[in-house]
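Following this line, the structures themselves.
After this come two complexes, each holding chain A, first together with chain B and then together with chain C.
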Partner chain A sequence: MLNRRPLSYYLLSTFFTAFLLFLYGPMICVYLLSFQGPEGGMSFPMRGFSLVWFETLFSAQGRGVGDLHNSFFRSIRLGLIVALLTMLIGVAAGMSFRRKYPGSNFVFYSAIASMVVPGIFVGFGISLTLRLLGLRPDWWYSGIGAQLTWSLPFAMLIMFIILGRLDKSYEEAATDLGASSAQRFQYVILPLILPGVIGIIMAGFTSSYEESARAGLNIGTGNTMPMELTGLLGAATTPVMFAVGTLTTLFMFSIVIATLLVSGSIAKRRQLRLTAH
Partner chain B sequence: MMSPRAASWLQATPFAIIMTGLVIVPLAMIFAVSFMDYGFAEIIPEFYLGNWTDIFRSDLAVATYATVLRQAFIVWGVTLLLGFTIAYYLIYHVRSNFWRAIFLAACAIPFWTSGPIRMISWVPLLGREGLVNQALTGLNLIDEPISWLLYSEFSVIVVYINMLTMAMVGPIANSMAKISPAVVQAARDQGATEWQVITEVIIPLIKPGIAVGTIFIVTAVMGDGFLVRAMSGNQVNTPAVAIMNEINAFQFPPAAAKSVVLLVVVMAFVGVLLRLVDIRKELAR
Partner chain C sequence: MKIDTEFNAKNLVPDTEAGEPAEGTVNRFDVEMVAVSKSYDGGARAVDEISLRIPKASYCCLLGPSGCGKTTTLRMLAGHEDVTDGDVLIHDRNVTDALPAGRGTSMMFQSYALFPHLSALDNVAFSLKLKKVPKAERQARAMEFLKLVQMEELAHRMPAQLSGGQQQRVALARSLITRPKVLLLDEPLSALDPFLRVLMRSELKRIQTELGITFVHVTHSQEEALALSDMVVVMNNGKIMQAGTAREVFEKPSNTFVARFIGGHNVIEFEGRTVSVRADKCRIVEAVGGRNLPATITSIEYQGPLVRINLVTDDRKDLCAVISDTRFFADPPEVGEAVTFSWMPDDEWAFGA
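Let's look at the complex of A and B:
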């Protein structure tokens, strides 16, 4: 490798910095303007510095703006259940792909189709089906089901990638030593794919938390967070939406950091166990 | 002891049931309903071709498709250019894995803020009193604020590019990372310039990544109604917006017919691109 950087390196570095500015510019505006003074509006300049817009959110017995509080808890509840089901169903389906079996192509391509078909069609189709069956949509079955069509394909792709990298010799060694298939999964495969499984839970939660095109028509009464926020967009005239943005970002930030810490400690524990033997 | 094949089937069954019952059957249901009659907020299960003849009689359908195809083409072109350049920089110019991971994480962090908030975040930048207009008037480049920066097709396209570029960076960077460094080194040793390495070696080898990124971008733009409505201030009409409006008005069979048309257009496009790459092989590699 050359030690001196070519000119293209500096040009591309500048380009990349400009791209980051393009990504972060609007977000920085949101974070700054959420601390706008009480007289200030949705644009710069800042007229003072205050927590007024956060207070508005929590005012009037927690019903400051729209139905945000309930929507937030509905989204969390939905996200946690979707994440758990995505993990169980996705890991099982991923394990099935380790063998060739009749129908594996159907499972694979139906997942790809579910990924590329625009969400409104899946949501619309499910709601038509329910309507023709005479069923009322509700979050605990059609809402969860609609979101699984979005989160499961990602789970399958993650499983595909991690199982593709799995060294088969560990498992063969376990078989040679007389491990049953349940023991192989519990003591050999699961520890090896654990970081990927945590990734699947994370992907399941975030894809549910952000999703509204599929769930929207099938959630029944009571908006989720993205639906409620989309509804509030048109009427937004004060920085209160920016306060929502700052708070929800902090929330996501803490979830991601927590996930990283958990995966980090798992990796460390494994390292310790390996060196101990 | 269960046979391996039965074990695989058992593992895949819940997944297959969800994909069949909640994706394939519902899509077939859209097709079926598109041939049904309707009254106010109800579907009448009788054969009716009116939903289809209405589509082919209206000029509006042609106009909305022209709009969305133009948007998809512009967004695709820009994200491809940005996506390639960023992926190339990250893979070939950033030398340490640590910094590459940091840069990729830096690109992902803005996506932790939810979609609707990221849309409204453009008001302080592109609005009449936004930073862009403030800067342009401050520099005496314009006399009065430009009004087409926000709630216009321009802002729709800017926000698409902002939200979708990473969907192009990901697959392209993934393809680039799989190119053996020896191949690139061989070309350099033979005296190829950086530009020749890009056009003669890298671009032909990352075609699968470009195809996957293109699928993400085009299906996202063609199938989106939320972003267009929010960022154009309900001024730009696309096929997806037309469908959403009809669903909200409880006119399900005509919405179903329009959905079938849009689905066929999107899936035909995806089908052509999938002929160029074998995704299953790409993933397992």
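Let's look at the complex of A and C:
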């Protein structure tokens, strides 16, 4: 055999398979256990299959377990706003780095530094400052602000990657043809970076949806989904939490699929314009 | 492919704009650069006090090795690079501080920079869209310019579906639709294969002649510059070494750099003088009443009608003789053979000294 694979191929494949097992194995356990029979407990073996834990979850107008129903909608609301702000600020910040300006390096490193500071201290610091100023934390300002410290550096890094690949001569050509800076952005840059912008919205949403270290102390009175779950998990005695896990996963997957569909339809629309002629 | 070039030649020449010199004013040059310099962050000068006048409706090539400042010069003409010192005039108007779109120039980029999300037609119509020209009208006009570059058949293709040569034609149409007084081309042929390069070269010249506007073309190929130019500007180290007609530059290079860079010359130190002699005037037989140097043949390149013979003198100086194939095959010398390299005193050029 001329094309015999080297030993490293088998070693690395084994490693990768183990990685996949560690990644998805526990999740698959959670999904399976969420269909546990009514007599079953929080671990294997399965005692029959049922949807009884999903029913429990949605019993009493969705107030069956803790405050999950409300915390879910709070998380969605927070996530959407954070995603939108992350996109607007991230794209603007990325664009500002198209040209070097005095202090641009400082701005860049200070933004990136917040990624390495442990989230719990960022959250604690914000809450301490609010107390010093005599302000009560609430989701619509301190909650959103705390989460932006987490999502914005990612947005900036994504923008750097996208814009780094964008040939500067496109902008120069647009300028040469008479485009103002607004026209240049609208007609040339934005269409070219649109897939990346959608990526930033997604990253903003998911990083908010799962975040609690920073938001925890600054969200005010209404718990978000991850905070509510952390509380419930400590006292859980039935597989109802697994049902929450299964549903959340389904929800996130449908968002991913929806995003792919949107991106796909943008690509398709461009393709259609080609073949139409 | 010959197209009817009469159909729109009048439409395609630049509009006369307000702000241009009134009638009767002498307007002798399309482009003037007056002691223009460029330095980055106060460092060394990329372009060093160059002054240049390009006559009306000329094909001008900026020629030089990479890093000589030719592209920077072009970008300063286009307004994509600030001028550190000096003035730039287009059609006698000082445009040193004007915006790129407000100086009557249009630039064709080395990578063409066609917008990848727009069809060829929309790329060409882009500048009209910015001016809010209605869609039907701007597409009709864009089509006219695509016809000029023989691309009307592929108007609805996306740039990625076009070959390099086709992309270049679209880029050319996109520049010309702005009706520039001066078209600036940054190494327009360097990305094409050799066959296409020669084809596009004559296309560029045809369009320039047809439109009667000035083209400023940056290149590092002396062959390209000689073939195209009404005016060749040889640059080195941010300075203009020589500016003149192709024939002037080739026959009377102003210094040894130009003689070496333009190619086809031997720069020889002989009896205390430095002279240049065209390689096609040199022979490898002893010349009666001529200059003779002993040399050894290092390589022979057959080029069809001509044969190029590379030699080295006893003191390790490279020489080159280009002779006709007939002459070569009458008595073919061999590599390694010791011969006499010769030329006639009349063929020497002593750099104007």
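Here is the rule we go by: the second predicted complex is superposed on the first by the 266 of 277 C-alpha atoms of A that agree within 3 Å, B and C clash if a C-alpha of one lies under 4 Å from a C-alpha of the other, contacts with A are read in each partner's own complex, and residues count from 1 in each chain.
Following the convention adopted for this analysis, a residue touches a chain if its C-beta (ideal position, glycine included) is under 8 Å from a C-beta of that chain, and two chains touch if they have at least 3 such contacts.
Fair warning: this is a prediction, and the values are worked out from it, not measured in the lab.
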Exercise. Clash or fit: how do chain B and chain C relate after the overlay on chain A?
Worked result: fit
For this session: Check the residue A:R270 against both partner chains and state whether it touches chain B (first), chain C (second), both, or neither.
Result: second
For this session: Would you check which partner chain A:V256 touches, where first means chain B only, second means chain C only, and both and neither mean what they say?
Result: first
Problem set entry | chain B versus chain C as contact partner of A:S169, first or second or both or neither | second
For this session: Give one of first, second, both or neither to describe whether A:L80 is in contact with chain B, with chain C, with both, or with none.
Result: neither
Exercise. After superposition on the shared chain, which partner residues are touched by A:P191: those of chain B (first), chain C (second), both, or neither?
Worked result: second
For this session: Would you mind checking which one, chain B or chain C, touches more residues on chain A?
Result: B
Exercise. Just chain B (first), just chain C (second), both, or neither: which does A:A179 touch?
Worked result: second
Seminar exercise, completed: In whole Å, chain B and chain C in the superposition are separated at their closest C-alpha atoms by 11
Exercise. Which of the residues in chain C end up touching chain A in this complex?
Worked result: 78, 80, 99-101, 106-107, 109-111, 113-117, 119, 126-127, 129-131, 156-158, 161, 174-175, 178
Problem set entry | Interface residues, chain A side, partner chain B - complex | 1, 5-6, 8-9, 12-13, 15-16, 19-20, 22-27, 29-30, 33, 41-44, 88-90, 92-93, 95-99, 101-104, 106-108, 110-114, 116-122, 124-126, 128-129, 131-132, 145-146, 148-149, 152, 156-157, 160-161, 164, 181, 209-210, 212-213, 217, 225-226, 229-230, 232-234, 236, 241-242, 244-245, 248-249, 252-253, 256
For this session: In the complex, go through chain B and note every residue touching chain A.
Result: 4-5, 7-9, 11-12, 14-16, 18-30, 33, 43, 45, 82, 85-86, 88-90, 93, 95, 103, 106-107, 110, 112-125, 127, 129-131, 134, 162, 165, 194, 215, 219-220, 222-226, 230, 240, 243-244, 247, 252, 255-256, 259, 262-263, 266-267, 270, 279-280, 283-285
For this session: Could you please specify the touching residues of chain A with respect to chain C in the complex?
Result: 167, 169-170, 172-180, 183, 187-188, 191-192, 270, 273-274, 277
